[in-house]
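After this come two complexes, each holding chain A, first together with chain B and then together with chain C.
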Partner chain A sequence: MSSTWMTTRAWLLMLPLLVVMVAVIGWPLVDTVGLSFTDAKLVGTGGNYVGFDNYANMLSSSNFSRTLVTTTLFAVISVAAEMVIGVLAALLLNQQFHGRAVLRALMILPWALPTVVNATLWRLIYNPEYGALNAALTQLNLIDAYRSWLGEPGTALTALIVADCWKNFPLVALIALAALQAVPRDITAASLVDGAGPFNRFRFVILPYLAGPLMVALVLRTIEAFKVFDIIWVMTRGGPANSTRTLSILVYQEAFSFQRAGSGASLALIVTLLVTVLAVAYAALVKKTAGSAV
Partner chain B sequence: MLKTITKTLVGAVFAGGLLVPHAFAETTLNALFMAQAAYSEADVRAMTDAFTKANPDVKVNLEFVPYEGLHDKTVLAQGSGGGYDVVLFDVIWPAEYATNKVLVDVSSKITDDMKKGVLPGAWTTVQYDGKYYGMPWILDTKYLFYNKDILEKAGIKTPPKTWEELGAQAKTIQDKGLLKTPIAWSWSQAEAAICDYTTLVSAYGGDFLKDGKPDFQNGGGLSALKYMVDSYKSGLTNPNSKEFLEEDVRKVFENGDAAFALNWTYMYNMANDPKDSKVAGKVGVVPAPGVTGISEVSAVNGSMGLGVTAVSKHPDEAWKYIEYMTSQATQNQYAKLSLPIWASSYDDPAVTKGQEELIAAAKLGLAAMYPRPTTPKYQELSTALQQAIQESLLGQSSPEDALKTAAQNSGL
Partner chain C sequence: MERRSSAFTMFIYACALLLAAIILAPIAWLFIMSISPAADLAAKPLRWWPQAADFSRYQTLLSTAENSAGAAFTSSLRNSLEIAGMATLAALALAIPAGWAVSRTPAIGWSLSMVIATYMLPPVALAVPLYMGLSHLGLLNNVFGLALVYLTILAPFTTWLMKSGFDSIPREIEAAAMIDGAGLFQTLRIITLPLAAPVMATSALFAVLLAWDEFFYALLFTSDQRAKTLTVAIADLAGGRVSDYGLIATAGVLAALPPVLIGLVMQRALISGLTSGGVKG
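Right, the complex of A and B next:
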């Protein structure tokens, strides 16, 4: 009896939130699904039912496949770099030293910055005429002339990834740092006594404690990176020659610039589906790691 | 007696109560402008303040976005149900805005005086299918700016009359070691690149469309892109041009790092302002050059207009505001960053004083303004062309192939 009551009470307590969620997420989502089967324009009403035409057109277009590759590259590289840098920063900030509190606070700054501000900042740094990066590299004699970092397809995506990493590694570091505090002192002390070197200590003693929380960070960051829009829109608008155009930018162009709400909706749903698959896969992984770590 | 006074007072309060809300009945207009080129934000605010002072019952909320966001912001605001009363729009959008009912047809409000007084080229900015969708406001084209100091040092007497000559002069400047890359353009993956390309298309006598189908991949359209690629590959063009917008071009020119630059009217007085510019007093301006045997000068129609949106609840007040903003008096008063749409303004000493060189260039340039194609699918066409231009510059594709692909992807 009490368990039924618990269940009822839980659902009752969740009800207000669920209503809000359905209103702000559920309804627009259903509306978008409906829209994706029509040829509706952005302004004006309705549109005619066109079946799966929008999906077929989108999936078969060369724009889509090229953009998917760009997005995947961006997501994989930036998330991997953020994980590595984040964990290293956390290990460092977990040491005892003077000024640690100040450094910990400073580290949050990039993450606390609005993305648009961050993107504008990096645009200035990469500026081909008076950017700080060009100035620094020429003064260090690493390059002999100023270069157009965001104007060359070879460097533009890398430049964006660096900017994204700078902004987002603190999130990973923060999560890792919290997890590090939970590593029992006596275990690390014991491993020292047993003669484990720094790498082995990290690999066999510390990492198991980090695995679960890091998985959460990985899921969050991958989903975010896959949906990336603002930082790229501000820095390159998908250029040069579409070499940094991601799926979200393609959705934006289709739905808003070209005003084809129908096919834009179908593309948006394809992206949603891809992200959902990723999220579910990760969730399974988290469950597994969490199970084995403890 | 007391009773009468009370009655009077009550009556007065009552009448006042009726009158007060009426006298202060405020109409609030939301207007969308751009914070880039042409009139500065400060100019637009000053003009608007003067309007609201003369019309105290109307309040105008101003919003400014970069040019790159102007189209999408307008359409999105309308698509989401809210929206602006007055919007600034580019010459390339009336076809799409009219087809999708973003702007209202204001043909009946255009008076004969307006029709007679405004330059014919300006009207093309707001017309589609024989109807008027607003008032022209910014009459603009791209001019060739040059650094008089550098040209003098290179021993060049007169600025170039043809694009070929421009290349030759740039080569001289480069050979004499005055500048590494003397020409600056705005070839970022944006509409700015299309404006430079259109200027060249007009010089080479090309066509964007023929019978509604893409024709830029042939003749003048192809020659225009080839010129851009040659200028880029020869090293005469600043290679960073491919990530420049107009503001970047202005900064490079003002820093003395460009001998030649293609840009809008606003750069003339800004580059001549010693506060921000190192080249103040050395700024020369002429119409963009032509091509021997084809054209004397070249120009793109980069004008913009003000229109009333279909969702505006106060179309009459909105039009009144537009009339004020586009009036000859207002435009003559703020003629430093953007030139008036009114023909007689160009002979008014109040407008021409201190910028005679610009006015002389404008008389030739504005008369030669070449339109970008009028089609509801302009955004797609432009996006495809931007990609073609960038791929050709980067050597990923030949100009021929790139333009052929753009023609296929143009949606036309």
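Right, the complex of A and C next:
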């Protein structure tokens, strides 16, 4: 069979996917770019060309810079915590003990719980009047009076990060565990014979095997955390006093609450650009790590 | 296995208990809230264990009486099932031929890379034109419209999973069948697709989970019982003026049940899918 025919046939089989992807992703993305240069409203006829005004206004607004800081804080702290707790949990699950299989099976629960259910659950736990957190801390005499964990700007972001970590660290743990189980036994045994302590064994024998998969998990989680919307919308809607407003929430408010489609589109593209930069930087990093691990 | 001191063994068990408590406590509390009488949940000090289990909220939410809390919940349940089912079938219909084509013809692999790269696009970058487009087509607040939009998430993911699945089926098997005189489509039907059935099942489950979990597009593009999904219905409950927190918890338990059961039963397949995703990117 000729290779041109093979390639043509392959393209024909790809075609339905490509057509649909162009319709639901390609065209909307191009349209967003077009909208971002107009003052179009969400409903009604498509507005006037305004050049880079939307971008200039957005980038110079204090709303944007504050939201960018909040988003970065959320992404960096929650992903870092998920990585550390996830690897610790994986190291534990890689030990031999009774009930290990059950515990490993339980790890799938937070991951499987729908994001909105997780957000609702933690919202109930943090409830200022009847929440379990207030009740537990009061009964343990750790606090004197019930607090509004999600209602105070000082604690709301931390409370959100805890809820996000709880749902996502098990995934990191499962990925790290799979990598740990791929470490050849004779290598760890040899390092023991050579007298390596637990820390050195982790650093020089085990970590190289973990680095690749963990880097990929880190990339994917960071990109997701940077785009975060669901958990914040359900728990705080970006409040109190915008202290938990992330970039996706700001785009939602701009484009849908205030119906400023043009300026919302420009903000959405700024977010897209930031995510792309993150992804490209990480892709380079992953390549490097994967190369050095072998 | 190296020998462990008994102190280290104790330490391992203590950590295992702590981890189990961290994972289980919130989930157990969600369930306890759902069966605790409202008075117990509002008591101070809080009553951690109900005096009598009360399953009436499950009955309330699953009843289909007109204009009840149950009617809103059951219709959202039905919408979620319909949308997840339609979007999953459509995604697989696109993913199976495309995944096979890329697996057997690496020269066109870059087109799949482009499709997968859309994963990092924030949904907000597509939301405004999708809203306007759906509105133009009369597909706002419509299960078909939302299922179509869900292809933006489901199709790239399932295609990539199917491609890795086909990669692990040796092409020599296909070549052998063709030498024996089978045509391409006969070969695919008799040889390749049956071998790929487990991957198809895993892809379908992932797709259902993704659709079941989706919130952002559902929030934007649906407005009433005709198309609202479970996630939106639960967010409405959580953000509304419902005074019985147990009812919110009950809705959460019911919405979590299908994915949690899928997760527990399909554990091995899901984890290998996730970790191969983690390794290969």
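Methods note: the second predicted complex is superposed on the first by the 274 of 294 C-alpha atoms of A that agree within 3 Å, B and C clash if a C-alpha of one lies under 4 Å from a C-alpha of the other, contacts with A are read in each partner's own complex, and residues count from 1 in each chain.
By definition in this document, contacts are C-beta pairs under 8 Å (C-beta built on N, C-alpha and C of every residue); 3 or more make two chains touch, one makes a residue touch a chain.
Just so it is clear, the model here is predicted, and its values are computed rather than measured.
Partners chain B and chain C, brought together by superposition on chain A, clash.
Between chain B and chain C, C contacts the larger number of chain A residues. By the touch criterion stated above, A:P16 is placed in contact with chain C alone, chain B being left untouched.
When the two structures are aligned on the shared chain, A:G239 is found in touch with chain B, with no touch to chain C.
Once the two complexes are laid over each other on the shared chain, residue contacts for A:I25 go to chain C alone; chain B is not touched. Of the two partner chains, neither chain B nor chain C is touched by A:I77. Legend: residue contacts after superposition of the two complexes on their common chain; A:F97 is shown touching chain C, with no touch to chain B.
By the touch criterion defined above, A:F256 lies against chain B and chain C together after alignment on the C-alpha atoms of chain A. Shared-chain residue A:L150: touches chain B; no touch with chain C.
In the superposed model, A:L42 makes contact with both chain B and chain C.
Shared contact residues on chain A (touching chain B in one structure, chain C in the other): 42, 129, 237, 256, 261. Put simply, chain A touches chain C in their complex at residues 6-7, 9-11, 13-14, 16-18, 20-21, 24-25, 27-29, 31-32, 35, 42, 89, 92, 95-97, 99-100, 103, 105-117, 119-125, 127, 129-130, 132, 135, 138-139, 166, 170-171, 174-175, 178-179, 192, 212-213, 216-217, 219-220, 223, 226-227, 229-230, 233-234, 237, 247-248, 251-252, 255-256, 261, 264-265, 267-269, 271-272, 275-276, 279, 286. Those residues of chain B whose C-beta lies close enough to touch chain A in the complex are 68, 71-72, 75-76, 78-79, 96, 100-102, 188-190, 239-240, 242-243, 248, 251-252, 255, 257, 377, 379-380, 383, 386-387, 390-391, 394, 396, 411. Across the complex, chain B is touched by residues 41-44, 128-129, 146, 148, 150-153, 236-242, 253, 256-259, 261 of chain A. The touching residues of chain C, counted against chain A in their complex, run 1-2, 9, 12-13, 15-16, 19-20, 22-24, 26-27, 29-30, 33, 41-42, 44-46, 48, 93-95, 97-98, 100-102, 104-105, 107-108, 111-112, 115, 118, 120-133, 148-149, 151-152, 155-156, 159, 184, 209, 212-213, 215-216, 219-220, 230-231, 234-235, 237-239, 245, 248-249, 251-252, 255-256, 259-260, 262-264, 267, 270-271, 274-275, 278-279, 281.
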